[in-house]
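Pasting in a structure now, in structure tokens, and then I'll have a few things to ask.
Chains: A, B, C, D and E, in written order; residue numbering restarts at 1 for each.
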Amino acid sequence: MTPTPQDIQAAMAVHPRAFRDTPAVQFRKIALWIGFIGLFCWCLYDFNFAPERILHGMQRMGRILSFMFPPHIWETWAEWLEVFTALGETVAMAFLGTVLGLIVAFPLSFLGAKNINRIFWLRQTTRRGYDIIRAFEILILALIFIRAFGLGPLAGVLAIAVSEVGTFSKLFSEALENTSRRPVEGVVASGGSRFQSILFGIMPQVLPVHLSIVLYNFESNVRSSTILGIVGAGGIGFMLSDRISGYFWDQVWTIIIMIVAMVYLIDYLSGLIRARLIGHAEMAK
Amino acid sequence: DDWKKDYAVIKFGILSGENEKDRIARYTPFEEYLEKELGVEVEIFTAGNYDGVIQAIGADQIEFAFFGSSSYAAAYTGTDGKVEPLVSRLRQDGSTGYYSVVVTRCDSGYKSIRDLEGKVLAFADPDSTSGYAVPYFNIAQEVDPKSFFSAVPFSGSHEAGVAGVAQGTFDAAATWQNNEVDGRWQRMIDKGMIEQGVICPIWESPEITSGPFTARANIPQELKDAVKEAVMTVQDKDEAAFKAMTGWKAEDPNPQTGWIEVNHERYQWIVDMRAWLKKQRRSS
Amino acid sequence: MPGHADMTALADSPISTPILQFEQDYADLRRRTRITWLVGSAVFLALFTFSAWLGDFFKVTQITLPDGSRDWRWIIPAGIPRLGEFIAKTIPDLHWATFGADFAEWFWRWKVWAKLLVETILIAFMATVFGVIGGFLLSFPAARNLAPNKWVMWICRRYLEIARTVPDLVWALIFVFCFSVGPMAGVLAIGLHATGALGKLYSEVNENIDMRPLEGVKAAGGTWFDQIRYGAVPQVLPNIISYTLLRFEINVRSSSIIGYVGAGGLGQEIREALSLQEYTDLSALFLIIFVTVMVIDFASEKLRHRVIGLEKGPST
Amino acid sequence: MPATLTLSNVSKIFGETKAVDTVSLDIAPGQFVGVIGRSGAGKSTMLRLVNRLIDPTSGSISFDGVEITSLRGKALRDWRRDCAMIFQQFNLVDRLDVLTNVLIGCLAEHGFFSSMAMQFTDAERTLALQALDRLDLVPQALQRAGTLSGGQQQRVAIAKALVQQPKIMLADEPIASLDPANATLVMDGLKQINKEDGLTVLVNLHTLDTARAYCDRIIAMRNGRIFFDGTAAQLTDDVVRDIYGTQGLREFNEAVTSTQGLAVPA
Amino acid sequence: MPATLTLSNVSKIFGETKAVDTVSLDIAPGQFVGVIGRSGAGKSTMLRLVNRLIDPTSGSISFDGVEITSLRGKALRDWRRDCAMIFQQFNLVDRLDVLTNVLIGCLAEHGFFSSMAMQFTDAERTLALQALDRLDLVPQALQRAGTLSGGQQQRVAIAKALVQQPKIMLADEPIASLDPANATLVMDGLKQINKEDGLTVLVNLHTLDTARAYCDRIIAMRNGRIFFDGTAAQLTDDVVRDIYGTQGLREFNEAVTSTQGLAVPA
């Protein structure tokens, strides 16, 4: 039943587009790919991704990795305690920073959502406001807070919180925009006011999304709290970068393994929380 | 004392030093020692980055800080001279600092910087005092690094630079040593990362004085004196705290044994060096 | 309200058993909910208070007042008026009369910055490409519903976890050690981190897809790869594009931090400006980053809306 | 209680399309009216105009002498409550439980703060439960709406409509997403309400035969206009052919018509 | 070309449920077989067993003497291609164009790289276009599948099945999501293929009357077992009552039976 060449010719004559893109489309595709690959190759060249350099780096990488076995085991309880304290501090600061960021960002996010705030200029100003916050280098934020509050965890927490405000508001308002209109219509059709349609129609839809955003960011704040090192409040990130600058690779690996374990634990716990708040059925979907 | 009413809480900022030993030193015993000696509350903040400590001292948020020499200079310019160095470290052999060195492969036959014309000299990383600022500044007094060498790349770290020289990637690299037997490259030999007799230093900088224990200038003189006194005598009064804060190790051939008093003059050349670097940047 | 008439009628109408059953269940549920809420809120508040205490939120300490005297103050209100201090140091001296010259003085290093900005964007571009390739390829075996078998899934998930759990700054330190300073280390560090972060997000998208098209491909005799290529990829593409654009923006910002360890980009400039106390440079750099972030944000918003808009098909 | 719904010369234009084109209608109290017509004929648009989810381009709609098209604010919300709407896709809030979904029908009476706290009175709850009971849904009252089957969800939507204590009930293809057993349950539910409470019911249907079986009066639309208005008996095969047109149906012969007659309700 | 499909003592057990319970069947080449039964009777499971989307718990399925249940790898994929499957929800890839969706039917022949690059030969494209042409879908060939109406989508699914050049065609409630006009088109399409190409067609139906109108042979399932196997004529009202049972449908009286007979197919 394979078509004969004549069949093919005939079909091609009738439906040329089903066989080949139009020259314009083809040209665009080729141009895009050439542009992309060209840029990529130029970057490879510009950033000096030379094969021997890569090989060389891989060897060093191998040496660093070899320090993983056996992992470093600290001998005294005091040293272990130091690591655990640093881990604990980091989690606590990340938690605090995330919660504070969340509290501020939640109301702000409504102003930035197209389906809630219909006033164009207000929405745009709010959105650009999020951009301003996100453009602040977290390091600069830390310095601002150090001058005001001195060295210590407070400055670090506030730096995390402020940078989180920018991220959360942006992600939250996008979540708000991605909701389905149907439940809203259902509420409006029953005589609900605009406010009620948001509360009953939109909020139940976005809360699970918000929750996963918050938990995900909490997790990444645990990682990014290197900032605590800058403000002199310790934390695991500081310990880690100190070990790296001192070439204590074996300790570096042990710390990394501990961070991974901790994040894994947080992941697990947040899975439990999510399951509890959202319900297993939907998690499984 | 009068100052105790105004300074019932004294805050210290501490930078993990250039020296890898300092990075895992612990200051809790020292904090307790100071509280006992001074009779006031002491809070110590260990930071990994000097920008924060400089801002804190400039904003009157902390009273004292352990700086590296280069970060002291930064604090000095950053606060318009509102800092005052008190004491610095003294080692067993009487040295009070360390040196920046340029190393090459021993079999290359290079004897001085002049021999390196057209070669590759690797610096450690742009933030390093001994691996970049000092050698660059000093070498630039002799030759123009940009045109004299074929390239002056950053290797990323002292260790990477030295290893690069051993493997032939670089012709020379800048790193540091405390003396002929102790330094970055010697320790790499001890760890078995490079062979004995492969690496030879061909150039040594003036002494880079160890960083000073520094006070904010605008605090009462009595407070400065009291703290200075306490620090100067810590090795006698509380040896455990001293060993913990200096990262003392039994196998260390040349551990820190005490302190010497210092003044700003000692660091002026580093301040000048930074000014020079800044000017270089402005003019480029 | 008309409801009340019915309400009274209800009093003497026989109440059906399902309703009685419900009333009981409802009371139960209410009690349980209330307890869960109480316990949950208590735990949360306790954690919050504890970490706030750890974070020095309640700290009362001696502060140096503006006039140089010392006093005991609660740290937060004491510090709030000083929030602008650092920012004030970074504000350049601009006068209307000499605006042009002042502005030129402010952006005196613009040539270097323009170059570094391009470098930053290129680093972010390349890192995003690496992150997308890695994250995309791994996200399918890492998704619960698509994994060909448990072991592959386990390995992929752990790899992604390690890649994203270690801060990119730490990867940067490690790669700087391996490949020496310069953009390459930055690209690799951000790329690796992005692989982990994107891999997780992508695999979550994958877990939410409609499995029916995959079944359709399978029923026509397609392999696992065919099912992914034809059934899954077209479904997840819009989400992937949207996450990728978000990530690109994040990568632009992190490549400006990564420079901090000597891995190239604007971050290196920030570090230099800080260490040489060229504070007005900081505000200029901030402006540059802000405009870049804004442009990317705006463009990706447009692009995303277009991609999502295409989804809806003809409006009804 | 119920009164006549009157549409006079109502039009709705979307850009180029005249979705509803000068429609005039009188719907007497207590009637069970089915609206049929091809896809795109304007059925949904007409219902949405009545409920004021959209505003007509021209013409007026009145109920019991009150002009609907000019209502604003609270009066508009009250009208929406009085004229309950049921959607093809149910338009429930999946993540809220069934009871709360039904209670959304009471929102029009609520102030800012009580709705903010999602707080309803016991009387309202009882009302909701009675409505659920009528539709055999009490056992599911505390389940999340999203976990119910399609038929159950649609019945929840009807319960919500009942709680609104409406004067008229609009249903936009309420059984189009349902399987036959559930479709029967839902249509029976609507019929029962129509009979017992004397509510006017206006329902869009895709399926001719359901319309024939349940409706007192059938209205057919075509291209936004009323094309037929009469009883089921008057709806002859010829008329049907005209309503749906024959294009697109390859063979509209006897055999298939019969299949279609049977298969229609899909 | 077509050969007999034989199921002997096939069972499929999901946890507690016997979805298919020792079913034995012979399906002769060229037959148009309808499978009816209540929801949960095991109709879908049976079809999926034949296509090997799931594996039987016990029993064997053979086609033309080849044991299907033991196929692996390429042989299994070839079997899946030989026995095309059409789903109730179409199972098309919404975001790909119609042509590519149809070309998915050719994938079994493709190597890794050409299929990853979505690269098809001109011959394959012609084949796909011919199949689309048979179902009057050529004008939509470059549209996204998701933008088509339900009936069109189902016809695309049939075209895809045709491109597979199957020996047997399985259809799982192919018209359950379609409106009557489209349902007619789809059933007609299947019938046409059955007649013209002599393909065996095995189709699950919810709607008795469609089954009666199209099928040579009707098989009814109940609780996983074959309950009836005969011609449309043999399917009396009594049998129907037994097949569907009366629980669950509130009033199974004459009036509603008629409605149901009509409304069921939903």
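The criterion applied here is as follows: a residue touches a chain if its C-beta (ideal position, glycine included) is under 8 Å from a C-beta of that chain, and two chains touch if they have at least 3 such contacts.
Quantities reported herein were computed from a predicted structural model and do not represent experimental measurements.
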Required steps from chain B to chain E (each step between touching chains, minimum): 2
Of the other chains, whose C-alpha centre is the longest way from the centre of chain D? B
Rounded Å distance, chain D centre to chain E centre (Cα mean): 34
Mind checking the centre-to-centre distance between chain A and chain E? Centres are C-alpha means, answer in whole Å. 44
Shared interface positions of chain A, touching two or more other chains: 56, 60, 139, 143, 146-150, 152, 226, 241, 245
Give the residues of chain E touching no fewer than two other chains, as numbers and ranges. none
Where in chain B do residues touch two or more of the other chains? 51, 55, 59, 61, 157, 159-160
Quick one: which bits of chain A touch chain B in the complex? Just the residue numbers, please. 56, 60, 82, 139, 142-143, 146-152, 155, 226, 229-234, 238, 241-243, 245-248
In the complex, go through chain A and note every residue touching chain E. 1-3, 7-8, 11-12, 15, 17-19
Seen from chain C, its contact residues with chain B in the complex are 61-62, 64, 68-70, 82, 85-86, 108, 112, 176-182, 185, 261-262, 268, 271-272, 274-278
Considering the complex alone, what residue numbers of chain D touch chain A? 51, 53, 77-82, 84-85, 87, 89-96, 100, 104-105, 107-108, 110, 112, 115-116, 118, 144, 146-147, 157, 160-161, 164
Provide the residue numbers of chain C that touch chain A in the complex, in ascending order. 47-48, 50-52, 54-57, 59, 61, 75-76, 79-80, 82-83, 85-87, 122-123, 125-126, 129, 161-162, 164-167, 169-170, 173-175, 177-179, 182-184, 187, 197, 200, 207-208, 253, 256-257, 260, 264, 270, 274, 282, 286, 289-290, 292-294, 297, 308
